[in-house]
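A short write-up of the structure that comes next.
Naming follows writing order (A, B, C and D), and every chain is counted from residue 1.
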Amino acid sequence: MFQLDSVTKVYPNKVVALSGVSLTIRRGEFVFLVGPSGAGKSTLVKLLYREELPTRGNILFEGRSITRLRRSQVPYLRRRVGVVFQDCKLLPHKTAEANVAFALEVTGAGAREIRRRVPAVLELVGLADKARAYPHELSGGEQQRVALARAIVNNPAVVIADEPTGNLDPQTAWEIVGLLEEINRRGRTVIMATHAKAIVNAMNRRVVALSRGRIYRDDASGVYDDGYL
Amino acid sequence: MATFRSLWRGFGEALSGVVSNSVMSVASISTVALTLLVLAGFLLAAVNLSHVAGVIESQIQLRVYLDANAAEEDVRQLEAQIAGQPGVVGYRYVSKEEALERLRGYLGEDQDLLEGVEELNPLPASFEISVLRPDLVERVAYELQGRPGVDKVSYSAEVVRRLLEVTNVLRLGGMTLALLLTGVTVFLIANTIRITVFARREEIAIMKLVGATDWYIRWPFLLEGVLLGLAGAAVAALAIAFTYRWLLDMFYDRLPFLPLVTPQPLLQKLSLVLLGLGALVGVVGSQISVRRLLQV
Amino acid sequence: MATFRSLWRGFGEALSGVVSNSVMSVASISTVALTLLVLAGFLLAAVNLSHVAGVIESQIQLRVYLDANAAEEDVRQLEAQIAGQPGVVGYRYVSKEEALERLRGYLGEDQDLLEGVEELNPLPASFEISVLRPDLVERVAYELQGRPGVDKVSYSAEVVRRLLEVTNVLRLGGMTLALLLTGVTVFLIANTIRITVFARREEIAIMKLVGATDWYIRWPFLLEGVLLGLAGAAVAALAIAFTYRWLLDMFYDRLPFLPLVTPQPLLQKLSLVLLGLGALVGVVGSQISVRRLLQV
Amino acid sequence: MFQLDSVTKVYPNKVVALSGVSLTIRRGEFVFLVGPSGAGKSTLVKLLYREELPTRGNILFEGRSITRLRRSQVPYLRRRVGVVFQDCKLLPHKTAEANVAFALEVTGAGAREIRRRVPAVLELVGLADKARAYPHELSGGEQQRVALARAIVNNPAVVIADEPTGNLDPQTAWEIVGLLEEINRRGRTVIMATHAKAIVNAMNRRVVALSRGRIYRDDASGVYDDGYL
């Protein structure tokens, strides 16, 4: 699904966030991305939906180069990739409901479909009663769950979640991970950057560990490991 | 279908954009209204100035002096010829007696000078002719020169030339200023709308990240710009209509001799111009900044 | 010390505010510049109109006709009395011959009328007197009436009245418009600066949460407003100075008889007014919105 | 230090975030605030530094009523309370360094003191090398640590941290909690809203558990407990 070929990302302020990262993620995989704060997890994720372009190296999505994608094609890539942003990125002037609906509307979905799917997915993340609330009226964990609802409402081929449980209590966090597992079971690829050691250890899935911009470990069924540099 | 739906969605989005950014919207609308008001005031002044200049010009006359012993037949034929000249908007027969009366008027306090002359009355009868534009005076004069019954044709070449210059400068200056002011208005309004859009750059960035196409993002902002522009223009149009009628009344009381333009067809056209400008500027202002923000 | 330091801090903050919000700052500055430019243009036009009106008024004259057989002594005394009248700005002796010449000028093409009168020349000699303001005409006339050597004093009451009316309306209208336009300008600029401050409301909220006092937050915004206002005003002042000189040259070529105001002391004062207005409006605009945002 | 007397908070949209909460926090205590997403932890915390006012009930800080504080006195309360906001709330146009310095400047601290303390506290949270970076150039965890640095630079009487480790890997999270413990050992009061079960369990400190706006449990040396309603 994704193929990264010795990808390096240097930000304009000369920070090297990734250096020579090569990685293949196959369709239907469930991948944890772990590593200390500032290791480059979010940067890697941003490259996948083309929020950032790599400084060197190439990235393929379903065999086609993301880096050489035409500008007008970018929205179609992003519709196939549902993203939970680390800082949520909800539209401040839209209710929770409208934020989720927006991701459907951009794809040209019909009003009936929107009316059917939005409440269903809000129910799924446990926020049916907050549908009419604006982002600033939601707690941290509630915002994160709205962001997740928006990412999956579209039924995208890949779900990328950047720290989707950082503001959630363990029980709610487990429910959310269970949801992602269910999505994965239906054949979708799931990539999750996380610090939740307990979850990573219990799930026994593929773990890609980053440290200082390099892949430090890549285990098919790994655990969270504090022993990196 | 999908396109139609997303057109429709634009209206809702635009309206909720106006409402949820109410402080900015009020600021935009009042900027549009005020700048268009100033522009409209200036345009009205220019139109009236031009109208007054036109009336002054229309008072440009030439005078055909009649032979002291011209036949009545000749005078009647001459009258027909004058009436037939292209560019002639009016003419009037001035008898010898009327001419003397007028001279008295000219002289004012120096009447005594006419003593002894009055019985004789050496002044000739004449036709006073008004032409459409000052540049037609010479043509008409040339045509009438030497016709039977005509003694001579006179007009003040100097006065005509100078009047032409002044009214031309007024017209040119007024038009240039109106154009400049329109430019300024457009720029100011576009600026305001750009700032309000710019203040929402994070929203635009988020929309892009969620997979919205450029056009999908632009369309509501375009409509929002149009709404703001139209709202402001409507306020300006109403205000200017009331003010102009009030000013006309006031001027009519104080300076009744000023030939001002009547409100009706004028204000209607002006309102259309204002609404058009408001909408245009709303579109341009929002699109420029949205385009720039989309580039990122 | 602490206060002084935080005053000083304000400058750094204000400058970095201008820089880091560059799009908004450019928009604000250009709005300030353009609106002030329009205002300045209008003020210059008003000043010139008023000046022209003044010159026209100063050509208001009254005429003292001399007795045909006035003694030279009387004439000399009368001249001294005229020169001594308060409000008289100039006078001129017009001989009988000059008077006849002028009448010829009046009559234009109707010269023949003077045949036979010329040798006699019944026209009296006179003094033409210019007074400072039209409302002084009657007073001066009353003073000179009946002095030795004076036949009669004449002036056109109607013309004076009408001229007074027109110039008064011009002045009043000009001043009202200038005031209104100043109000509009202030409002537009304040609007723009308010929007740019409003766009940073989250920053203000954060500052408050971190324990900044209201004044600590306001001060940099106040300075930023002043900076934006002054920058815009400076641009406007430069632009208007160049434009005015250029316009003067152009008018001088085309309409040399128009008595326009020379640039020097005028432009200097205008620049000060513009800078003052820019700064003021920057302060007011930023403070109004900061205050409102602080209320929360 | 803080005394809450049957405090109720109803938001304008009729959501009851806290109902009848009474709580005393003594000087020098280290208190964990736990509870599921949306339980009212952030709301409780916001009442303490007067971001929100209670709908009913009273709150005392050092014996004086916060609710009846004059507007002009609020900044002085906030300077005695260092807060790590759940959403960081960094000033976007200031570097990490300048953000931290700002909290000192508002108190009227001298330039020398600022130059001395800001680098020291950035070093403490492990961000000495990111001093010149702007918030949008920082990773999620780095932003959180800048927010912590800003909260403590002032040496405030109380440190309130709302989910300060949500975006941190376990090791960095432990370092941060160690830092808060150190601050507490020097006599400062620390209040930490968190979902980090492992940390709460290991620290063995006072735990106040909220659920649906009510205090569900208040143990002097408690553990994280998933068994709430």
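Here is the rule we go by: a residue touches a chain if its C-beta (ideal position, glycine included) is under 8 Å from a C-beta of that chain, and two chains touch if they have at least 3 such contacts.
For clarity, every value in this text was computed on a predicted model and none was experimentally measured.
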Using direct touches as single steps, what is the fewest number of steps from subunit A over to subunit C? 2
For subunit A and subunit B, what's the span in angstrom between their mean Cα positions? 62
Between the Cα centroids of subunit C and subunit D the separation in whole angstrom comes to 62
Mean-CA-position distance for subunit D and subunit A (Å): 28
Here the gap between subunit B and subunit C, centre to centre from mean Cα coordinates and rounded to Å, is 25
Note: subunit C residues in touch with at least two other chains are none
Have a look at which chains touch which and call the overall pattern line, ring, star, complete or other. ring
Taking all chains into account, which pairs touch? A-B, A-D, B-C, C-D
What does subunit D use to touch subunit C in their complex? 49, 51, 72, 74-76, 78-79, 83, 85, 89-93, 102-103, 105-108, 110-111, 150, 154
Provide the residue numbers of subunit A that touch subunit D in the complex, in ascending order. 11, 13, 15, 34-38, 41-42, 86-87, 133, 137, 139-142, 145, 162-163, 166-173, 195, 197-198, 224, 226
Quick one: which bits of subunit C touch subunit D in the complex? Just the residue numbers, please. 2, 5-6, 9, 16-17, 20-21, 203, 206-214, 216
Interface residues, subunit B side, partner subunit C - complex: 23-24, 27, 30-31, 34-35, 37-38, 63, 65, 103, 106, 108-110, 112-113, 115, 117, 122-123, 152, 154, 156, 165-166, 169, 181, 184, 187-188, 191-192, 194-196, 198-199, 254-255
